[in-house]
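Common to both upcoming complexes is subunit A, partnered first by subunit B, then by subunit C.
Now for the complex of A and B:
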């Protein structure tokens, strides 16, 4: 027995590596990662995990700021936003080093480089949207500030503040009127009125009115997103307009030469991202982790377009149409990324990680992405035509019959099914009544036979032994039938057949 | 005829003609480098990005060079391999101040070394770590390590830092290439 056991365990050990064991899998994954690394479509150009950058994708821009043919990376670094004092900086990278930086007064929501004139050399201006204004920089020097137009103010609100200005301050009445206005929800109140309504005590409110009664009443929205739109031609260095989305659900198209609003559009709710076209869902993917950033990959030299999706599990998935064509492993969660021309290289993917790292990857010239992906999306075979055999006469007859006699066929099937169920039930009842099963159930007690050779172990509460004597000297085996009966009845409660071991022959010494 | 030819060569009357291919990323200074090798009166001052390729001829150490100045732009890089078969030597120019793209240069070098026309031949490769005058440029040792040149097997190679505008280091490199090509030709003869 022991030998057997050992053999058993040893054979188990030897068979272990073949099994897809959970302890083996990570190793496999690792080797896979290293092998794909050399075959990766990307060259790792730069890895700086302590760059200390904190930004979002919309505040990253690639543009030739000095017109020298080498594209710079411009980003608005939020700094450590936990610090009480904001330290927002506009940083310009030449290569991987900060070439220039300038301070910003407020948190920006978008940075866009666009051409505002036809002068040579083509040097773009930088538009930084923050709060309710767009700050325009030329050669990184402040050049123009465009402020969003004033919004309509309710006449009653104007009157209330005009009265206050005249020195006729009745805080309670003001509170009542403004509250009414706020609830009626026709035209939103100005920030000043909203602040006033928030004040709890009468004295505070009085102080507030005294302090601010002379400031002009104005209501302005804030910018939520900004992009550029080429005005006349599709060239990269063509004149462009700024498209600005605001908190009050409007989109302004601003002409960038004289900063006039060319068009205004109204959206149903505040836009968060511009560039969205269509609404119809073409396909849907369930991704293994949460999405942390997305960007479009437009690699002109190869006319390759894809969407890069950064995920919470340190991966970046590249989707071309609906196919996953590449997976990039990163060492940290990517929070912002941008693909485009950087320096002199066309296909550069710039990533900013959660911990402020800067990672730059360059697409190989020889990179090819094939959509031979089976795991994601519907398989290719779905679009293939299946070679259907010709309809035989038998098939046609059968279908016709099924059509005509559907009701009868269903009835016959149901009848057969019920009959089968009935028969099975009847047999089961019979076997229970005659006690032929090893498990018996009467109303009062449950008996279970658990027989072991050569001892008969019986029941849970009481057991008894009996002796079985071998009556033959031949090397044969037979069965012993055990019937458990009640004293008062002769039908067995349960029965069991026990296979006896082979009888040992009598040894004559 | 062959005997006569070699006799003339031995006398130095007729120079041996060799082909070299000049490659490297765009803006690394290939055309500028070859411009320096021209006679002074033929040199130009404004170098524009090469389209396709240009050929230049120059002489050094008894060899007459035909240099194919290939365009380094990524869209023209596939052209390079067409010239690998007939070339006797390779000049690989690296912009040592362009740190972001040194990995791209490394990848192109890897493509070159693993190409079927290059892989098995002992073909001398001369590396120019160009633009050594720029402030944040890498040294020749730095370029050599970032391109992992020490991993090159079965080929003789040499790296020298250069400044193609003034010509510093160019002559020295070309001289090395001439002697390396001569050595490889003799080895092939044997």
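Now for the complex of A and C:
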């Protein structure tokens, strides 16, 4: 089962000091409880940059494993994956020290604490998804192993391996048949067949067939992600089901008392992360750096919900709805984080950094987050209600009329519009012909003026002054019409009407 | 003599009496009035920090004096007491828009001259030869003679002389002469004397007219709140009098207090449900507060009570368009065009059709309409502004900008051409011109968000230099 390991950890590049992981005991590690500046909403509870932890968010869980009211941090530590020997450990932290460790056989992809019975005191079981099985621990002792159901195997493939067992098939012929089957892509091949096809030389193939021809041919998917779903009530310590996503794009809902599959769903492609949500995009942000981890912050005492987003530039952004409410500066890139109750503290954010450090921050009880974010996202005004006048009965009536007579109304409007265009065109033409427009000239006209009177230069402004004398002693106002004509015609090129102000009477003093 | 007076009788209550020279007078109490107590400047202005109660200037167009356009043209709506002398002098002085330069001469002189024009043989009565002492004693003669002098001959000085003598004869006890004295002083611009006479007339005989006169005096003295309180006094004595309520509504309108103004106009309608001014103002208010369907109802009511003119049809057309009753829109505009008697009306109708054309994306039609609006009224700044925008849209930047500049010079009270020009210049990269224009836009309308944005951008850019 080496394939699994490759897939699960391909993106992880750990740059820890090259020492055996087990020798770095968190108890001995440098621990400093620093006090942060007063402006921050977080208390720095624990900074340990050489904790040597290597995990992802889905393999971190906060749960009261022993039912003593103190929440433990459980995480699956991948260890130094560059070492040839896999050293995966399930670690339980009590406070900031490792209280218990147990070895795991394979790389896990998710750790979930869930309640599987109604016994008192409420002690959760720990489900660790790894490979094609879910290992269930109770009080950290192996309790149950649930294996994914067998998948259908192609008849031809079965036949081929049956023949191989009997020894009456050539390795080359086997290769041909299986290759054909692989390309036809109807039912995927088993891992055994795929391994066989990857072998380069004939000798290796022979050896492989010899070694594995007696093992049972089976095809199993592997788990990609796992979450829990409460079965009957929303209480935190209620019975829950496990929701498991697999490599062959299926989602199983597993009832955790008897480990039976309650429901199976098919996805279009293998699920990578599993979360219960609506799926509709509400808003979108571009962030200054790549996202390395995300987690939900649900702080019950203050009914505060936000999303923490860890970024590649050593920052953790807290988003409440679409507002950036807080930025936490960390000393390293955070690769995994989890928010919840830890120990006896309600709001703790536990972060695992790229270099294996463990950082714990506690949310201050006085912390308040305000939506005063101007730099990110749309302005607050967007949420302001527009003062729309209330809908009148008249409006509703008119809308109904519009609905009923839509076609007629549209037709009448279009007809009228054409009539109007005709009228406007006619009037416009008349005004142009009689030179009544104050804003003159089509392009040709201007050019012609230039051609005839060479002194005029296009683009220059010429001012002509003249005097207007008042010809009446009556206190009335009238207009003066200015017409600009070409010398040889009497249709004006353009005209302007100047409204004269009311004439002032002669004051007799 | 009476017949001649009747010919020229004007309702003194409706007369407008402010001229440019009024701006120079010192009758107003406070030079820097408290908000809401003056019709000059702050509250009557969209730039007030407290903000007007009605729609913003971006929604409701402004008159030249920076007041939201009203539902009905009255003598006083064209000119107001607001603004400074410089602004008033800058405003384009056309016969339709601005005020005459001197007080109480222009318009009233015209009324006087009209009578002279009509009697080529010379004046009916030689005023100079009258012996006022004699006539003042006989009440039967003095009253018609006074009215003749006041309305027909328009010789306020002589009328005042007669009124004063007659008042002496009646020993200050006849309200009629007190009111006439008040009217004379009012016209001559001696507001404090007018106030005194009106008040003593009110003591003798409360009358609706006198309340209206005195409210006018207070309005002229820029004491709108006092005017309103006098009108309220009047209402307690004459609770069913629509004119008093109407006068209050007008004052509120002048103060930009839309809510109170609308309440008063509604009150007018309760008392007199055929009051054209109230219906028109309420309709206009509904239109500009986004309820064109209700506005439509009011305009239809105006048609029903016999108010058939092009403006009403234009307004109905616009209401239909904005409440999406498309089948009626163009029919209304065509009807309006056929009803229009004056070029100014035609120009406004074509401008509105142009607007509709823009909304239906008929750009060519819109251009033709705006140009037609300009044919009928060469100074139609809004049409120039819209033409400018259309040309900018069609990438004729030079022509577009020329149009906008024309609009700027024609209507210094509009912020739109300034803003449009600034935006175009900003896009072109001529930041200095853009800055200049955006500054004038903000001067006109301080809270215009888009202008502010460009302004901030530009200041930031200049600061970086």
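The criterion applied here is as follows: the second predicted complex is superposed on the first by the 342 of 509 C-alpha atoms of A that agree within 3 Å, B and C clash if a C-alpha of one lies under 4 Å from a C-alpha of the other, contacts with A are read in each partner's own complex, and residues count from 1 in each chain.
Keep this in mind: a contact is a pair of C-beta atoms (placed from the backbone, for glycine too) under 8 Å apart; a residue touches a chain by one contact, two chains touch by 3 or more.
No experiment lies behind these values; they were computed from the predicted model shown.
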Dominant contact partner of subunit A by residue count, subunit C or subunit B: C
First (subunit B), second (subunit C), both or neither touched by A:413: second
Which superposed partner A:312 touches (first subunit B, second subunit C, both, neither): neither
Touching partner for A:423 - first (subunit B), second (subunit C), both, neither: second
Subunit B versus subunit C as contact partner of A:343, first or second or both or neither: first
Touching partner for A:43 - first (subunit B), second (subunit C), both, neither: first
Which superposed partner A:431 touches (first subunit B, second subunit C, both, neither): second
First (subunit B), second (subunit C), both or neither touched by A:401: second
Subunit A to subunit C touching residues, read off their complex: 388-389, 392, 394-395, 398, 401-402, 405, 408-410, 412-413, 416-417, 419-421, 423-425, 427-428, 431, 436-439, 474-479, 496-502, 504-505, 507
Subunit B residues within the subunit A interface of the complex: 25-27, 74-75, 77, 98-101, 103-104, 106-108, 111, 136
Complex interface listing, subunit C residues touching subunit A: 93-96, 98, 100-102, 105-106, 109-110, 113, 117, 289-291, 293-294, 297, 323-327, 329-331, 333-334, 337, 350, 353, 360, 362, 365, 368-369, 371-372, 374-375, 378-379, 387, 403
For the subunit A and subunit B complex, residues of the former touching the latter: 43-46, 69, 95-97, 301, 342-346, 348, 360, 362, 364-366
